[in-house]
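Chain IDs A, B, C, D, E, F, G and H follow the sequence of writing; residue 1 opens each chain.
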Amino acid sequence: MKERLKELLEQVREGKTDVEAALSELRHLPFEDIQFAVVDHHRSLRQGAPEVIYCEGKTPAQIRAIAERMLAKRSDVLATRADKEAYKALKALDRRARYNELARAVVIEHKKRPPTDGLVLIATAGTTDIPVAEEAAVTAQTLGSRVETMYDVGVSGIHRLLGRKEVLASARVIVVAAGMDGALASVVGGLVDKPVIAVPTSVGYGASFGGIAALLTMLNSCAPGVAVMNIDNGFGAGFLAHRINMLGE
Amino acid sequence: MKERLKELLEQVREGKTDVEAALSELRHLPFEDIQFAVVDHHRSLRQGAPEVIYCEGKTPAQIRAIAERMLAKRSDVLATRADKEAYKALKALDRRARYNELARAVVIEHKKRPPTDGLVLIATAGTTDIPVAEEAAVTAQTLGSRVETMYDVGVSGIHRLLGRKEVLASARVIVVAAGMDGALASVVGGLVDKPVIAVPTSVGYGASFGGIAALLTMLNSCAPGVAVMNIDNGFGAGFLAHRINMLGE
Amino acid sequence: MKERLKELLEQVREGKTDVEAALSELRHLPFEDIQFAVVDHHRSLRQGAPEVIYCEGKTPAQIRAIAERMLAKRSDVLATRADKEAYKALKALDRRARYNELARAVVIEHKKRPPTDGLVLIATAGTTDIPVAEEAAVTAQTLGSRVETMYDVGVSGIHRLLGRKEVLASARVIVVAAGMDGALASVVGGLVDKPVIAVPTSVGYGASFGGIAALLTMLNSCAPGVAVMNIDNGFGAGFLAHRINMLGE
Amino acid sequence: MKERLKELLEQVREGKTDVEAALSELRHLPFEDIQFAVVDHHRSLRQGAPEVIYCEGKTPAQIRAIAERMLAKRSDVLATRADKEAYKALKALDRRARYNELARAVVIEHKKRPPTDGLVLIATAGTTDIPVAEEAAVTAQTLGSRVETMYDVGVSGIHRLLGRKEVLASARVIVVAAGMDGALASVVGGLVDKPVIAVPTSVGYGASFGGIAALLTMLNSCAPGVAVMNIDNGFGAGFLAHRINMLGE
Amino acid sequence: MKERLKELLEQVREGKTDVEAALSELRHLPFEDIQFAVVDHHRSLRQGAPEVIYCEGKTPAQIRAIAERMLAKRSDVLATRADKEAYKALKALDRRARYNELARAVVIEHKKRPPTDGLVLIATAGTTDIPVAEEAAVTAQTLGSRVETMYDVGVSGIHRLLGRKEVLASARVIVVAAGMDGALASVVGGLVDKPVIAVPTSVGYGASFGGIAALLTMLNSCAPGVAVMNIDNGFGAGFLAHRINMLGE
Amino acid sequence: MKERLKELLEQVREGKTDVEAALSELRHLPFEDIQFAVVDHHRSLRQGAPEVIYCEGKTPAQIRAIAERMLAKRSDVLATRADKEAYKALKALDRRARYNELARAVVIEHKKRPPTDGLVLIATAGTTDIPVAEEAAVTAQTLGSRVETMYDVGVSGIHRLLGRKEVLASARVIVVAAGMDGALASVVGGLVDKPVIAVPTSVGYGASFGGIAALLTMLNSCAPGVAVMNIDNGFGAGFLAHRINMLGE
Amino acid sequence: MKERLKELLEQVREGKTDVEAALSELRHLPFEDIQFAVVDHHRSLRQGAPEVIYCEGKTPAQIRAIAERMLAKRSDVLATRADKEAYKALKALDRRARYNELARAVVIEHKKRPPTDGLVLIATAGTTDIPVAEEAAVTAQTLGSRVETMYDVGVSGIHRLLGRKEVLASARVIVVAAGMDGALASVVGGLVDKPVIAVPTSVGYGASFGGIAALLTMLNSCAPGVAVMNIDNGFGAGFLAHRINMLGE
Amino acid sequence: MKERLKELLEQVREGKTDVEAALSELRHLPFEDIQFAVVDHHRSLRQGAPEVIYCEGKTPAQIRAIAERMLAKRSDVLATRADKEAYKALKALDRRARYNELARAVVIEHKKRPPTDGLVLIATAGTTDIPVAEEAAVTAQTLGSRVETMYDVGVSGIHRLLGRKEVLASARVIVVAAGMDGALASVVGGLVDKPVIAVPTSVGYGASFGGIAALLTMLNSCAPGVAVMNIDNGFGAGFLAHRINMLGE
């Protein structure tokens, strides 16, 4: 593609093709190849930012190979859904690899980012929601956000939440991870005037249906300002929370 | 059936059948007829208590006819899902008929029952849940319970609920009607140590699925002591609340 | 209970209680105990008929113990969902135990029943539906029905079914076991004028949803004369087929 | 097609084609045309039997036209899901037309069939299930079965059912129509040793989901000998009940 | 955009920008504008082909306006889900407008296309599936395909289908529209070696769930070579059938 | 917080702050800390009552640590969903630990509570529902309720239930655990005039959908006075049954 | 409540109550009343901000009354799901009322807010998604955000979206409203690095299930940075978009 | 059957039966046996074509036995869902057996087919969709189609797809395998004017529901010309793609 473009421009320069004809040809060139260049260019601007490996269904060797390529591009690495074997493979690749076992996440950073002014607060209804919350926390932190967590403040013991209303008020964006009845998102949404990202978790039994009950609760939240992620999608919540948080920097 | 029983007993009296033979025959008689008598007997003990007409799908004439038979037995009458035409038919039958338009319920009482000591408290998350709550209220009241209501105390404005914690504490049993996210039942369940009857309402749009979202939330409530009725089943909630309330009288 | 009855009858005999009073008391006795006797009596009439053990979730020892009690009552034994361990336990108990491995069923019979005149035909759409079909076959056979099977005659190769139309016509009742699209029941229902019992099987993948697709297909069968059993319920189909078959004997 | 067959046979007769060649050609003729003949032949044997018009979605004129063709073939006519307009159209066509308003069914019979010895019993849990039950009753009756009904014997007042156990015992096949919790089928299935055809009805509100709750209850019946029809499919239940009933004649 | 391109080319011609620099800039221009031109160009090649208006939710005036613009571009017009009002508006706009009432479709053609050699066969299980089938037929015909229909050949009367096997064999692609049990697609798929496009229809009641039962049946078809469209999507089926048909021209 | 309150009151006493100013400051203090105190206060009143550990997803070490803290506060301990490893850990911690293997529950009590007068009756439809029932029984007993059980009284053998009607009548509240068709709750609800708590169990196969069929049956119960818990939630049922039972003490 | 607080403080001042005693009483006062004061205080700070009336299920008179109270508090008014009758009632109340018919929203503003720097971009896949998008647009605008819209850029004509990539890049937060396949959210999420709020719309037929298909698509978006609102919840999307937008001001 | 036919024809030849009588008898012969012959005949024409073994649920010995019979008929063999044990069994049977591990497919070919002119293009959204895509590829290739693949071109990175638009344009039919949001099918459908076969994959977590989310997305595709296969049905997609591809040869 490049070749044809070059040739065309040379023909213009040499007067072999007039401007109108070149213009016409240019407009009929398959746009996607040009676009490919553009994208590459943009990509290069982002060098150094963390890239993500979703480890589920990949062998340690595959994970290591992907991470190696990322590090070669000077990207930081965030590996989610990583078990201990995945961690060992990454640790062997790069000694800076750190493992958050609860979040099942591995992080390799070239240089620590200075945390944002804005605070991403991550709350859970129960202790069983913590792994999802930790995945969100690691993700937002690795991307550069300042993160605090507030666990086990579910609505069946509402005073635990109300007793920490100041922390809620100090956050720029709040992630709420909750399974079972998923009601925490509504209560938090009613207490703050900041964006709330609700993540249903697959915690629970019986008619919790692997998180669907909590998902529906959250979609139907009476509190405005609440948006919902997929079940157990801690990574997505942390990623979006960071994006929103960056708007205020 | 009666006839065979009488004949058998007369044979015993007259010595035509000995006791063992009669015993044997008795044990082989179709039990259900005997049982029918027993039940009738028990039924008679309950005379005067309200009986219920579910009006949906019945003509005003049919409703009137059923009510007439009930009143003849000295029963009070509670007609649920009653529209204005049903009310008119019942008013024409008996001038004491009173209509609760919100609850869509008509009541005809021979004599006002003295209210119970115990309080049935009926709370709603929003204003749109009130018809279901009123059906519950009318039902419990007609059965004899003292009833109070507390409307529009949903969790997205949690202070409205917390500001009335004393009323919550004073109730013997609490009915919570809520649609959308249905989270109120969990919060109430965490604030009190009394039975909570949760009624999902079909209020809402989108993924509320005509009350299923609220139903699932309530079934998955993290607060213990919460049991769930069918969607929009205000009558059932009021009925059960009264039953529970009566245990404490 | 018996005591009170006896006493009452003796009082009648002795003239201490008149017939009307005894009649009245009899009618108010708790019917269920009398009924219990009746039921026992009826039960005794059925001695020798097979009783069924659903083995799933039971230990070999439990299965053996239940079978022992059944055999003591001179009942035949049909054990469904029986794995090899269950079979061994039953074989050790009674050498007559026979195992149908495909059907996962064990049968212990005191005496072979003469087969019925009427034929129960059991058809499957594919080879993977055979275990469910075999469970139906063993059940109907053990209860006394003459059974034939016709496997792998699914509608995507309709000639295999049509080529055996005479066998279809000779049956008194037909069981159709099919997973995936479950369409065989409709086609069979359209070819015969006998009752068709459709059993969806959990065979299949993707959107077969463990048999739900086949279940819905069968419920919506355009052919009249088709009734549906629960998914994989070969036992229920065989049992009902035998009941229907017996009507023609 | 006939022509080719005739020609072929004439060639054989005339010695122009030998047997082997004719045999070969015969085996390669499109079977379906032959089959069509066969089917036609069989069809003619059934003349006089009732044929069925499903009226929903058809105009009175269409219904009348279909009925006219049926009557011309000397078939009886059963029109289901027929509203009053449909009835008027059929009455205008043939004065013998009778309308069962509850069942929404019209019947036109050339000659009354003598009822079967065997009894089809049709039971409902509540009064709202009666239209479906009546559709089943009209269908079985029109096909020739002796039918009795037993309405409003739902399990929440179990004595009403138990009090009529003798009628249950006298039936050859029982249809149970029930909405809401659909539990009647299980109880009836436990009381009799005859085939039970369960029809879920779309009666109910909330989580009855237009009959799905009752459908699932019936599919999961603990009582053996119960098979299930589609929701509200009274016609199908009556049709199958008649088929089963005929086996005992 | 064009302006910048022109300017750039002129700079190259005039030697003000060398080829490498121009090349670089070109590769960083927002690709989408170039692409827009390309697309426009391609679009112009398709002039004269029919364009489609989905009428549901549009006023007759809106439909007329859209059709007017299409006709101005010399496109033919196919309006689906068109009621009589929509037809009147289009007839008033252009006297060539023809209405297929069953299909609820209006067609305005500048010039009749010569039909394809290949045949698109459109079959239905019942008469109630015909509107969806007709929508498919009108669509494929308007696009240029030769179309035949074969209605009411559902599997509960399998001989009606088998009796027309030759027509089935003569088609290049077959559309099967069926509601209720949706089994026709599987049977057809087993009889032919051509692509089968299955369209579930929302015909039926009870557990047909507005076409879901048929949809699942078709997705789970045991016959290979069957692909599935959305419920009632006759247009989509006709469109795809034509596309496939064109491959053989 | 206490400090600021004290300081403020001292300032008032010393005249450094006037009443209005103090009032104003008080009203703006973060309420939740005050509330926290209140809650603590109330909590202390409950010392000695059992606290609950949900063991699923916790290691034996974690369970032991939580129990240790509970015992230190003089609470009794109820550990649900406890496997044998959990039991061993608790037995090692405190020799009073007792294990109900069926219920999978461990109890450690400082002092046996005297049982209530009121009776909590726990019934099951089948033997496979017993683990859920036992969890309910252990829970209610540990909280202090007198408990009786009545197992395997499902509706397909209705006489087993009717034969024990007196026990039903003697209970203050009844828990019904049932899987499959879940019909027992409706029948029990029709036989008694006490609150019935229905617990669907995940027993069953095919279209029982892990308890959903039973859940829907129970929600749609025609008998008034029935409320529903989540699938398999024996703990919740026992907890609520005790709460209701206490109202009558 | 205030009274008791005041009295208590006066007692402290006057030395009638010592500090410790007052402290103790304060800690046992019902916290919620204090909290109520706090909340009231905060509420007053927000005076002038728009308040929202959800009109569905309310009479014009009710809507007018609510608006009247809002205006009296100097709040702006946003009425959603408002039909023409609602608009007339509000116009009669306040001549400044403006109606966005597509969005079915009425706005009454005391003073126009200056728009934010940050841009809320609202995109739709098709024209039928516009009402939901307009509701989002009106909401965000009334709250003070600068809003642009980009309609009918669905993925089946991907060039329409790509041709406006610059507008996408200029937004601070993007709302995507889409029904049918809901795929637009994923594509937009992959093109920008800003928060994307996805709103499924109930547009579509067949297996779109009133928006569930689009809802699931959006929840499962492969592009990070996408959060999801309830079906058709344009108000919620506009509200949250404004909240996020404000973080960047 | 043959015997009766032969005899009949001989009688005709010998004049023992006249043509009309033979004709009549022929028309009443069970058609299915004739048809069986026809089918056999047709089958034989297809000798050499590949036959398929679905290995799931079959033992290596069974698979080997089936393959042996196929090879004996000179058919090629395609074994899908084959694990390594299955492969070993087939390799031991025939050394030509080749294993595509990703596709889990084994192929044994007597002779390589020359590939078609037309191209079957198989695209995936992500890398996790590749096994399904490979199953489609192996299937189409073994049947004789020329196949190319284009993996990991999902819509969240739309440029990767657009950059290969020429390959898309060169295909005669395109298979799109995608899980999660399944949006790729819509985008591809909008870019090409060829048939698109969409295969949802069970990749994903949370509310992807094992492929249902992608299935619904694809069924609701806004792009015309897209038909859908069952979840993970790579074989079906490859089979249908080949059928369509063959139309253009």
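Miscellaneous remarks
Rule of thumb we're sticking to: contacts are C-beta pairs under 8 Å (C-beta built on N, C-alpha and C of every residue); 3 or more make two chains touch, one makes a residue touch a chain.
Note that the structure is predicted; figures quoted are calculated from it, not measured.
Looking for a copy of the D-E interface in C-D, E-G or B-F, one arrives at E-G, which has over half of the same contact pairs by residue number.
Distance between Cα centroids is largest for the pairing of subunit D with A.
When the interfaces D-F and A-G are ranked by C-beta pairs in contact, the top one is D-F. Among the remaining chains, the Cα-based centre furthest from that of subunit H is the centre of B.
Inter-chain spacing, taken between the CA centroids of subunit G and subunit H, is 50 Å. The distance from the centre of subunit B to the centre of subunit H, with each centre set as the mean of the Cα atoms, comes to 59 Å.
Between the Cα centres of subunit A and subunit H there is a gap of 39 Å.
In subunit B, the residues that touch at least two other chains are 30-32, 35, 162, 206-208, 212, 215, 219-220, 224, 230-231. Pairs of chains meeting the touch criterion are A-B, A-E, A-F, A-G, A-H, B-C, B-D, B-F, B-G, C-D, C-E, C-F, C-H, D-E, D-F, D-H, E-G, E-H, F-G, G-H.
For subunit A in complex with subunit E, the residues that touch the partner chain are 2, 5-6, 9-10, 12-13, 15, 18-19, 22-23, 26-32, 34-35, 37-38, 41. Across the complex, subunit D is touched by residues 125-126, 154-158, 162, 180-183, 186-187, 189-191, 204, 206-209, 212-214, 216-224 of subunit F. Contact residues on subunit D toward subunit C in their complex (touch as defined above): 35, 118, 172-173, 193-195, 197, 215, 219-220, 224-231, 235-236, 239-240, 243-245, 247-248. Across the complex, subunit D meets subunit B through its residues 128, 159, 162-166, 205-208. Taken in their complex, subunit F has these residues touching subunit A: 30-33, 35-36, 39, 56-57, 200, 202, 211-212, 215, 230-233.
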